[in-house]
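Paired with chain B in one complex and with chain C in the other, chain A is shared by the two complexes that follow.
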Partner chain A sequence: MKKTIFVITALITLGIQAQTPEELGLEIAKAAEQADLGFNSSTVNLKMTLKNKNGQTSERSLTTKTLELHEDGDKSLIVFNSPKDVKGTSTLTFTHKVGSDDQWLFLPSIKRVKRISSNNKSGPFVGSEFAYEDLSSQEVEKYKYKFIEEKGSLVVVEQDPVDPKSGYTRRLVTYNKDKGYRFEKVEFYDRKNALLKTLVYSNYKIYKNKFWRAGTFVMKNHQSNKETILEFSDYDFNVNLSDEDFTQVALKRIGG
Partner chain B sequence: MNQKIILNTIIFIFFTGIDILHAQNEENKINQDFELEIEAEYRYFYDDAAFNGQKQHFPSVAFTPEYSLDWNKGYEQFNMTGFFRLDVDDERTHWDIRELYYQKAKKSWELSIGLKKIYWGVAESNHLVDIINQTDAVESFDGEDKLGQPMVQFTYTTKNLGSFNFFYLPYHRKRTFSGIKGRLRFPVVIDKDDLQYESSAKEWRQDVALRWKHYFGAFDVGLTHFYGNGREPLFTFDPLGHVNAFYPVINQTGLDLQITHNAFLWKLESIYRSSKAQDFFALVAGLEFTFSNIDGNGLDIGLLGEYLYDERDEWALNALQNDVFFGSRIAFNDTQDTAILIGGILDLESSSKIFSIEASRRFGSSWTAEVEARVFSTIDANEFILSNFKEDSFLRFSLSKYF
Partner chain C sequence: MNAIKKAGNAANVFTRSWANFVIKFKWPVLLVTLILAIGLGSQGGMEFDGDYHVFFSKSNPELEAFDALQEKYTKDDNVIIVLSPLNGNIFTKENLTAIEELTAESWNTPYSSRVDAVTNFQHTSAVGDDLYVDDLSYETSLKTDAEILEIKEKALKEPLLVNRILNKEGSVTAINITVRLPGENLNEIPGEVTPFVRNMISDFKEKHPNFEVHTSGLIPMNTAFFESSMNDMGLTMIMLIIVIITTFILTRNIWSTLATLIIVIFSIMSAIGFVGLMGIKLTPPSSVFPTMILTLAVADSIHILVTMLQKMRKDGLNKIDALKEAIRLNFMPVFITSLTTVIGFLTMNFGDVPPFWDLGNITAFGMAMAFLYSTTTLPALMAVLPVKSKARKEATKAGKNWYVGLGNYVVEQPVRLTIISFLVIGGLTYLATKNTFNDEFVNYFDETVPFRTDTDYIRDNLTGIYNIEYSIGSGESGGINNPEYLKNLNAFEDWLNEQPEVIHVNAFSEVARRVNRSMHGDNESFYRVPDNRDEAAQYLLLYELSLPFGLDLNNQINVDKSETRVTVTVDNITSADMIAFSNKGETWLRNNTPEAMHAIGVSPTLMFSKLGFRQADSMFKGNIVALILISIVLMLALRNFKLGLLSIIPNVTPVLVGFGIWALYKAQINTGMVIVFGMTLGIIVDDTVHFMSKFLRARRELGYDAKQAVVYAFETVGKALVTTTIVLLAGFSVLSTSSFALNSYMARITVIIILAALIIDFILLPSLLILTSKKEAVAVEKVKEAQIAFDK
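What follows is the complex of A and B.
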């Protein structure tokens, strides 16, 4: 794997003259995907803190399970642990590299599983500053790329969402090419091409000597002055989950 | 009788649970969780009562304790949900074990033993296919509250052919009707114990059900069959006008289908029910369309429309024989999860209409408030069921605290 990164790093350095910014951007996105390949499955606990413009906060906690797939996008299960009135509410998502995702919602109060439309990409996830599209599996096919600049180990790539339902005209992603092409920062530009939000990743840890995962995401909305902080804990890459853990039956089981 | 059986079931499952616990290794992490919801509710029926003894004001309080235990990475669990309500109407004062079951999952199969709640279906205005649990009819008007059903449930999930569910249902639970002081009842108070069974085994008739559920692309499809004591009592009249009500033995085949395409959800639920006394067909078909994130701030407005048909005509217990439902679901997607559901059901053959509004919001991290109104409007005097409820429009306020 180190070798692949080396080769790609070399490609980037050499390629500045040889490739168009678009080709280079795509190359970097592929390198980032390649660097994170092979985690198979993971679980993580997540504390979400929502801050309004007056600094008042509210919290929610969730558990996320992810299954890595290669031919198609990843599968994920999210279950809410708090606030207590929504405890057990869960979603099952099958991400597709091309086309819209499949998504089911489990409502614990009436034990109902409902297939929901994944059309709403730009809407906020549970009142937070994260849109659904910010939290869905990052597949290379979902954007068009353009290399912007390289500053030391940091590489900035502009990404234009392919899906017209996206809430963004573009995002500027800062990768760290020396740290497995992990994301350091993402700037989101709204449909009017005005800076909407900035997401900063911090408290990175490396798991299994390969997979970089940030412990903290801070999303700041520059237009509303609201902020959402995600704190991840108890990452587990040894859970050995399989397709059977990502079914509607499993969705009901996890929601209780 | 009923309560004694439930109690025995609890004791049985409790001890089974303890045995299983003892068998576990120390290294296995056990998670447990206890939660209690206390709800204060006030229902106000603003029209004068139609029948003697009916009250107008219904302050009430309900307790919902929940306990869950899981181990073996969540592949084994024990869940319990109790319920108790104290109300002005003696029949609405009731308790129930909503859930009390042990569950084990391994790869493609899952087994549950105990009292459980199962939901089937896709429609919003009527739940035709959903038949496993008895409706807790005194709890709410929408039929979404259910009594815990004793069962053995086995689910087998295949790779490419969806999941197969097998249910063994050893005991039937009767529906409770409003008491003398209660609203939403008939002129004669129906005591649930007066209702008999067609089956000589009565509530101990051993019932079975099957469900196949699959999805491919935009399609989610479910096929079900139920054979056993009906959950809805059947009302018949002799030539002298005496009411005879009983639970028939029924065969019910159901289909539920949803097509999810962009912001559209197309829905169909349909059943065919047969018994010695009655055969009929019913369906609900419609769509849901959501305008999402309208204001760039998360506001979603969903539009709902459904057509309801029931071959029983005015004998349909839920009075939805040839009706249209329309509604709107408004979700603000704010930190308080504010949501509003507005709806109306119009009878296509008479003047009868039912309107409803439900709104909910969280306060702080552990309080929620709900407001509900149901209005029975210009109910046709010839409606066999609904005409009894024409003075029963009500407002409901509730406040819940979660511990």
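What follows is the complex of A and C.
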């Protein structure tokens, strides 16, 4: 694995044009996936701040649990801690490398789990500037790739979503190849190929000497001038979660 | 009296030396004015702004309220594309597929942020514990006939679609494209959005000839504003031709016609320079300035040239002497009329509608420059051009007799004519009060404009174009999920739906009801707002998670979830009814809901509805100022306080008559017409000045009695007044052909007012002059010593 990274890094730095930009892009995406392999599971607390054009804000707080899977996409569980009236509401998501993801929602008010049979993942996540597709697990199979440019340690790759229902025509992702291919910036282009949003990652920390996690995500919508800030805290990579923690039963238990 | 006499003499000396100077230094004068005109013209820039926001001043409270609402939610400029399949049924596989394709293509509209159509409507349904939220018709081409039938049934039952996106019969549907303009340059709509949409529609029509297509919405309205500005600018060419013909007929001289043309072109170039220097963006009302300036400026030249040619033809003076005499005689009247016209146009600044400030300022500047060029470039040109004096002509005799005849007729029955005049004016003044304000912006355009006919079609076949929005607060963060709030909101929605003028209501309570029903297995008895706050909040969260890109609730719910937006679509109703309806809604909220939910109605429709009233209120002061200033100018010019006061009657009554006749013609007045009082006052005062000054001259210098003086005035200025009136009528008649009602109505009533002014100056004014002169006939006789009137 380390070897692969080395080879690709060498290829890029040496500027050998043996590959097409598409192949190179895919290699980089795979390298990024590789670099993040093996974290197994994690939990993190998340504060989401929504800001409109006038600077009025609104906050939500959530806890996210993630379970790494290799054969298929990751599983994740999000619990809302505030606002008060949605406290305990939680979502369980099985990302799939191919096809639509599965998603369930637990509603504590009626103590029921509802399956969301929607192909829609391009809409805003709880009124924020993040779409569900921006937050879900970044599986390599979900995009087509094209290498754009390299500037120092930064590599820019264009990613075209495979899903026709995506809200984007493409994203421009800036990777930092010296820091485990972590994301530095993502630019989102809407269906008419106009720049819609920019997501900037900052306050990176490295966990377990390997896994880079940004402490802050700032998503700026250029068309509406609205902004959403995600602040992550208390990353925990030692929780040892398993499949049993990502079931409908677990969903009910956690929410209730 | 001595001081005045001195002043009069001084003025006379001044005009003489002015004429001498200009003629002596004709080449430098020509060069300097040419450089001035070209210099100003080179600074010119003509940019058009079609945004309806330009009609509202920054401090306009309705605009502030509306902008605040748009900031809170989303800014919704839109294009509505209305599709009517010829077979009268939306719900066939072919038709739905075509609609789905056009919907997908609509997403490519520049700056689009949302596209609503029947096919991508987010239909919610439940099967067991699964919640389905999906496009009503996705991949329609793969659907079976039974599925299409099912889609039809769902669509026609959907309150969010029927009367908004779909008609009750399912024969007409709309695609609503919401556009979020950055507002960084003027080309966004005319250069990007509109061409894209037009192309898309023409491609669609080619591919699907079985559809009739109509478009409306705020973007097409902006385009219509933009295009009507350009069209009205085009009227300038027609007016220019009329100017050439009129000048030629009146002067019967090719060189005079050429000189006049140069003067008006210089004036317009200077005005264009002013537009560029001041950074004014042209709008439909202000884009008529070239025609205005042409109309008003040409009169200056004609007065001077007609006198000059008369002196050459009749009195046998040589060119230079005739020219000097023409300047001496006309300098002050031209100055006075220019001054009053400038005052009249400048009073538009008192109003509350920025495009009219621009119109007033550009025209005032153009008129000031026209005065300058008429008194410098014109004589210098005439001194240079090879104008030859021809044999005397007797043709004018017959015309003159006619004016004398009219004068004699008037002086024989001043009392009778005064009484009749006042009865007619009184009657028409009463009628004038019957006019009502109506600023329905759709009616700003006549039926020659596609925006108007398309909008009428949409109103007749699908939905309303006018709306009112209320942002209803809950008073607390997340409070929109409070059952109390939802119940009140629901009651408001129900109440609105009961109102006869309401076509459609879009309220968050509908979303709450729909989701509640879906959460209970689509059980109709749960089609009501949830009665538990946590439930409502969690349902909303679930629903929001299920919506796709661009079809979220951000246009309906604020960031804090403390307020929601209620959009009421209403039928085409008059401005007054619109305001009344909005107030009715506000009152209902006050009487039936807690304080946090009280809201005021806002919308572009409402802004336009209130615009006329606001303009009328603010222009009232301006009109009084214009009247006072212009009366003072008259008193000074005539050097007579009493006649100055008397002049108010012939200056004010034409406006009353104009609005009285308007009540018989249309009875609806718009924002454009509010300005006519100040504007026409500055123009029609011309007639009064000329008539009264000749009357005074006959009394003071020639020692005539009032009756003789009136006949003298008719004889000397009758023709000149008719001539200028004809030029003015021609100019405003050209403007009255505008397809834009703010301009055409304004021009039409100005035509009536100018005509009424001439009639009043020929009938009522002389009668009044005779009646008021009787008592002091002896006194006046005493002051027989010749005074130098400013315009012999």
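The rule is short, and it goes like this: the second predicted complex is superposed on the first by the 247 of 256 C-alpha atoms of A that agree within 3 Å, B and C clash if a C-alpha of one lies under 4 Å from a C-alpha of the other, contacts with A are read in each partner's own complex, and residues count from 1 in each chain.
The rule we apply is simple: contacts are C-beta pairs under 8 Å (C-beta built on N, C-alpha and C of every residue); 3 or more make two chains touch, one makes a residue touch a chain.
Just so it is clear, the structure is predicted and the values come from calculations on it, not from any experiment.
Assess the superposed three-chain arrangement around chain A: do chain B and chain C clash, or do they fit?
clash
Applying the touch criterion given at the start, work out whether A:P161 contacts chain B, chain C, both or neither, answering first, second, both or neither.
A:P161 contacts neither chain B nor chain C.
Check whether A:G25 is in contact with chain B, with chain C, with both or with neither, and answer first, second, both or neither.
After superposing on A, A:G25 lies clear of both chain B and chain C.
Pick one for A:G180: touches chain B only (first), chain C only (second), both, or neither.
Neither: A:G180 stays clear of chain B and chain C.
Tell me the contact category for A:K111 with respect to chain B and chain C: first, second, both or neither.
It touches chain B, and chain C stays clear.
Check whether A:V249 is in contact with chain B, with chain C, with both or with neither, and answer first, second, both or neither.
A:V249 sits against chain B, while chain C stays out of touch.
Of the two partner chains, chain B (first) and chain C (second), which one does A:K53 touch, if any: first, second, both, or neither?
After superposition on chain A, A:K53 lies in contact with chain C alone.
So in the superposed three-chain picture, is A:S122 touching just chain B, just chain C, both, or none of them (first/second/both/neither)?
Both chain B and chain C are touched by A:S122.
Would you sort A:G73 into first (chain B), second (chain C), both or neither based on which partner it touches?
Neither partner.
After superposing the two complexes, find the one stretch in chain C that runs into chain B, choosing from 75-83, 129-137 or 237-245.
Given the superposition on chain A, chain C and chain B clash at 129-137.
If you lay the two complexes on top of each other, which residues of chain A touch chain B in one and chain C in the other?
50, 52, 58, 83-86, 110, 112-117, 119-120, 122-124, 126-127, 167, 190
Over in the complex, which chain A residues touch chain B? Could you list them?
That would be residues 50, 52, 58-59, 82-87, 100, 102, 110-117, 119-120, 122-124, 126-127, 167, 190, 239, 242-244, 247-250, 253-254, 256 of chain A.
Enumerate the contact residues on chain B facing chain A in the complex.
Touching chain A from chain B are residues 35, 37, 68, 73-74, 77, 79, 103, 105, 107-108, 110, 117-119, 121-122, 144, 155, 157, 159, 163, 213, 215, 220, 258, 260, 262-265, 290, 292-293, 296-298, 300, 333-337, 362, 365-366, 368, 400, 402.
So in the complex, which bits of chain C are touching chain A?
Going by the criterion above, the answer is residues 71-72, 74, 107-113, 122, 127, 129-134, 180, 182, 477-478, 481, 519, 532-539, 541-542, 544-554, 557-561.
Which residues, counting only chain A, touch chain C once they are in their complex?
Against chain C, the touching part of chain A is residues 50-54, 56-58, 80, 83-86, 89, 91, 103, 105, 107-110, 112-127, 131-132, 165-167, 190-192, 194, 223-224, 226.
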